[in-house]
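Both complexes below contain chain A, partnered by chain B and then by chain C.
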Partner chain A sequence: MIQKSINGILGIFTALLIGAVMMLAQGFDPLATYQSLFDFSLFRSSSLATTLKNAVPLVLTGLSASMAFASGVINLGQPGQLLIGALFVTLGGLYIDLPPILMIPFLVLMAMFGGALWAGLAALMRRAFNMSEFIVTLMLNMIADFFTLWAITNPLKDESAFSAMTPPITRSGWLHEIGAFNPSILIMLAAVAGMWFVFNRWNAGYEWRITGQNSLFARLGGCKVDRNFVSIMLVTGALAGLAGGMVVMAGPHRFLRGLGANYAWDGVMIAIVANSGLIATLLYGLFFSIFQTGALGMELITNVPSEIIVVLQAVTVLVIVASREYLNITLDRLAAKRRARERF
Partner chain B sequence: MAAIEELISLNNIVKVYPPNVLALDDVSISFREGEIHALVGENGAGKSTLMKVLYGLVPFNQGNIFYRGRRVRFQEPGEAIAAGIGMVHQEILLIPEFTVWENIVLGSEPVDQWGRLDEERARQLVGEKIQEFQFHLNPSARVEDISVAARQKVEILKLLYRRVSVLILDEPTAVLTPQEIPLLFAELSRLRASGHTIIFISHRLEEVLALSDRITVLRKGKKVATVEAGETTRQELARLMVGRDVLFLSRRKPQTPGKVVFKTENLNFVNNQSRHQLHNIQLKVHAGEIVAVAGVEGNGQFELVNAIMGLNQPTSGKIFVDTTDITQTEILERRRLISFVPQDRGKMGASLSAMVMENAMMTHHRLNPRFILWKGLLLNFNYAQIFTDQIVDRFKVILSSKFSPFRSLSGGNQQKVILGRELLLDNPFLLLDQPTRGLDVGSIEYVHEQILRIRQEGKAILMISADLEEIFLLADRIVVLYRGELVADLPSDKTNVEEIGRYMLTGKAIPE
Partner chain C sequence: MTILSGLLRGMISGATPILLAALGGSFTFYAGVFNIAMEGMMLTGAFFAVLGSYYSGSWLVGVLLAVLGSLLLALIFILFAVVLKTDEFVTGIALNLFAVGATTYLLRQIFQVKGVFTHPGIHPIPEIHIPLVEDIPFLGQFLSGQNLIVYVAVLATLISFYIIFRTPFGLRLRAAGYNPACLVSSGVPTNHIRAYSLLICGVLCGLAGAFLSLGYVNLFSENMSAGRGWISLAAIILVNGNPLGLALISLLFGLSDGLGLLLQSYQVPAQFTSMVPYLATLVALFFYARRGRRKKRFEVI
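For the complex of A and B:
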């Protein structure tokens, strides 16, 4: 636990340091830049709320990837599952109208169903034709990308709009801010808590984790590895789909071109940085959201281009992932040296 | 400093495997030119580590090494070989698809002026070496077609080809049958006569006494003593090795077996290359009986275990436990009847990175109703803790916490957890695949006691073992697997090590 925290703080600190050097080299003031970065993501009125809201798709797709990786399933279909989840929410919100108390849960379920359906397709291919989910989920991303684009440019297009987008979904399906905070934050936190519970308290979660660590042992122990594989695909697909639903319901309230942005790939990256830990995924997701949210403000105040954030993220990932093993090995080596010296 | 007559001396070697496993604790040892020097000790005593330190495979923390009067510290095995020290590892590291001569010259091939492999010359060189050391090998045979003993010869020849004068052999007899061991020893003696120095690692005391000039005993990373082979006895060596007196007696009490619990009918398994891996296996194990499957590794043991456990579907035939046909059933259903201790703890028996508790509760989490809450949705982790404590108490597991990772336990304690988990399933049939592999003497004794205890409880036990001593100690009946066939089925008190060895080697009672 302490080691993980050291690892994370070290990574972030190094990234900020390298970022500062780059800014100095180009004649910018790093202190002022970082001040505006954190001002606009944490300390200004309602900026914290924006950061949290922006974290929702990052954390949910990250959670999806973390759960899959920790269970030994290579689901890399979060981008596609997110889009299909968003499409299902849009469809539900365009054609069905219920009072908000029913509409919101209904749309949440639609989002999860959409994502699970898309992931389930990959699971089906694996079970029926023994096709690796790794490649199938990646390919399904492309299909989802162009399928949703077709859907919003043709059958679902808002005729009054100039670019490809659907009309807005029914107002009873919108997630309105309560005070400054969007309720999607609560749904994200509930998803993290729920998944933690499934992973650590459910019988199935136990089997998933052990299968991720040693699938032959799990199989010989009587775990139904094949059935678990399908469940993991469906659950992680549902999480990515939920991310898409949240983007639509909390954000533009319609499906517009480029809706998925880079959320899902960032989510996969977060899962890797978090070493597939669920709580770590939440924390790193929030942290990346600080970077991304603050970047816009930073660009407003200073002359530093917001692309610097991409650099900061990349360096954070590299330092944390590279130092994770290295830190362990170094600490172990130091302990061994100390022990050896004690012999004389 | 190093005395002149010593060829190699290792002084005050300390090796700590990170983070804090003290593998070698101030070990000093020296080897003389032209001797056969045995290193004995239990598993984990540090024999292999010491030799890997010398060979440059493992870096060491303290101490120094002198070789031919010069201080050396090999950074990699290549340097050691160049200096004339070669090591044959426990696992044979050859390319099966290559021929004997190809394997031998690989890495230092004779070439013509264009840098191409000079095949003729290579064959000739290898042929000369085979002649010189009288190794009875066919240089053109493919390694996959020759016996394990012959492969070992290839490994040795590979080093001799590189003009190595010091040979280190790590447990060379572990893979051999009783008949092959004297042949290896004759070859080693010939090598000694031609001026080679041989260091060989073993934990089998008879062999050590028969072959070596001097013997060094290691225990728990420390050197206990170096003795002249002519001036010691097996009993004394055993006491030095273990630190107390060891009994070599079977405590198996006579017992009449009950009904048939486990049975196979015409079990066949053909693998993808359509070669028979298991051929018409007819096997019966009665209640209160231990049946041992003897055989050289790779004669179908793996396929038999996989078929019984449900990892592979047999091509034809049936498997029964307690009159239930389990040939087609799911693994979880089999686990209601079969307890299974696999040979490889880290691969099949446990998840090394999971907690001890999570390893202890495997299978029970589905079969034991006390683990199950909410109709199987939730796991009862309170009960899991109680259950783990039970295993720890009953099987005397030494551990820091049941929440620490499984890999932090010693091999013996890992095996106790696995054995405890499987015994508490309380199944009528137990499949034990090399249940004492890699354990120290104390743990082996403990595991043997447990196996005899469950035999007394009337369970049926099928044990696969490569260790004939263990087989004769425990088994009521011995069957021999040879090229996928059961070639012998003998009561253990009506046969002997030599006979079983012949079956293992040739598949027949009398060799042609």
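For the complex of A and C:
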């Protein structure tokens, strides 16, 4: 645990250092830049609430990827599942109107259903035709991307809008801020807690984890590996879909072009840095959100383009993962040397 | 007739970037590197090609810079995956995202634009007209007048085939993937072979990227590789990395690209026609999986 935290902090620090060198090379002042970055994401009034709200899709897609990777399922379809989840919420919000107390749970279910449906399609192809889920989910991402784009430019288009977007969903489906904080944060925390509970307290979660660590052992031990595969795909798809739903319900309240942004791929990166740990996913998700939320403020104050954040994120991931694995190898090597010395 | 020739021309130019990237990937595939960074390498190549062509006024410099940019990514891959032993999958994903971020950042920093950079000052890679071949009826229009990189891709296919299957280096390359311990015990460090394979992949992906931004179209747009690296990965899996098989399967994907363009003229929404290559990949995977299963059944018997 301590080793993990040290690793994470060192990695983040190194990435910030590399970022600083990059900024210096282009004549920007790194200290002022970082100051405005953290200022705008943490210390201004209501900026903490924004950071938390922006963390919701990151953490949920990260959670989806973490669960999948920890269970040995290569579900890289989060971007597509997120979009389809968002599309389902939009559909529900456009054509059905219930009082908020019913509408919000209904839309949440719609989002999860949409994501699970898209992931289920990949699971079906794997189970029925033995097609590798790795490539299938990637291709389905592109297809979902074009499909949703078609949906919002043709049948669902808001005629009064200039660019491709749907009309806003019914008001009772909006997640309004309570104080400064958006209720989607609570839904995110509930999802993390629920998944933690499933993973660590339920038989199903135990089977999934064991399958991820050693699928042969799991099968010999009596786990239904194939059936588990489908349920993992459905659950992780539902999580990614939920992320899309939250983006619509808490944010623009409609499906507009580029809605998915880079949330899902960032989520995959978060899962990778977190080594598929659920709590670590939450923490790194928050951290990525700090970067992304602060980026806009940073651009306003210092002229450093906000895109540099994407570079910083990738560097952070590489440094943390590389140092973690290299550290493990070094520790193993030292242990092996010690053992060799004891023997002779 | 014009429909058919348009379709075939679209097929060739659609196949070229996929083929080049897949050839690069086949080297790493044989060397036992799970390389999924083709997407990022291609994107970096595409950006640097435009950069070089715009500032020097020469497409050659553009191509050179594209190769260098893509090689830089390959070097980072080597540093992390080969030297520091980071998981290859993780390195690949992070590098792909790094490429997206870095090119968008540089696009904004250097050209002060968001999204798309297009300018008459970007010199495209020329088309090559072969004097006599040009006059062959029907076939002449495909054999001649193609972009230079198309011919390079054809050459690269043959050379790759020769290198992988007919040279000592190719033998070592395949050994690095097939049985690394054996290779090491005969005195060849696996890591060196893997590093070489990644460098070759970098060069080929750089060419693919240069074709995208200086041949296929004449501009750079954010994330313009648009999943072609993933399609090339699927192609490698489908034919087990064999360069000649890659050429065939890339043409198939190219055909679906051309088909998409054709369908557009029949009032099919552009979003659906853009889906065609990805759907084609799924269909190809479907047939591959079925063949694999039948093979398995034979093995059981």
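Definition applied: the second predicted complex is superposed on the first by the 330 of 344 C-alpha atoms of A that agree within 3 Å, B and C clash if a C-alpha of one lies under 4 Å from a C-alpha of the other, contacts with A are read in each partner's own complex, and residues count from 1 in each chain.
Please note the rule applied: a residue touches a chain if its C-beta (ideal position, glycine included) is under 8 Å from a C-beta of that chain, and two chains touch if they have at least 3 such contacts.
Everything numeric here is computed off the predicted structure, so don't read it as measured data.
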item: Chain B versus chain C as contact partner of A:A25, first or second or both or neither; value: neither
item: Touched partner set for A:R219, first chain B, second chain C, both or neither; value: first
item: Which of chain B and chain C A:I329 touches, first, second, both or neither; value: both
item: Touching partner for A:R339 - first (chain B), second (chain C), both, neither; value: first
item: Partner chain(s) touched by A:V315 [first = chain B, second = chain C, both, neither]; value: second
item: Which of chain B and chain C A:I2 touches, first, second, both or neither; value: neither
item: Which partner, chain B or chain C, touches more chain A residues; value: C
item: First (chain B), second (chain C), both or neither touched by A:N203; value: first
item: Which of chain B and chain C A:M269 touches, first, second, both or neither; value: second
item: Interface residues of chain A shared between complexes with chain B and chain C; value: 329
item: Sites on chain B touched by chain A in the complex; value: 14-20, 22, 25-26, 61-62, 309, 311, 330-332, 335, 340, 342, 346-354, 358, 362-363, 365-367, 371-372, 376-379, 381
item: Chain A partner contacts - residues on chain C that touch it in the complex; value: 76, 80, 84-87, 90-91, 93-95, 97-98, 100-102, 104-105, 108-109, 226-227, 230, 233-234, 237, 269, 271-272, 274-275, 278-279, 281-282, 285-286, 288-290, 292-293
item: Chain C-facing residues of chain A, complex; value: 26, 125, 129-132, 135-136, 138-143, 146-147, 149-150, 153-154, 262, 265-266, 268-269, 272, 305, 307-311, 313-315, 317-318, 321-322, 325-326, 329
item: Contact set on chain A toward chain B in their complex; value: 201-204, 206-207, 209-210, 213-214, 216-224, 329, 331-333, 335-337, 339-341, 343-344
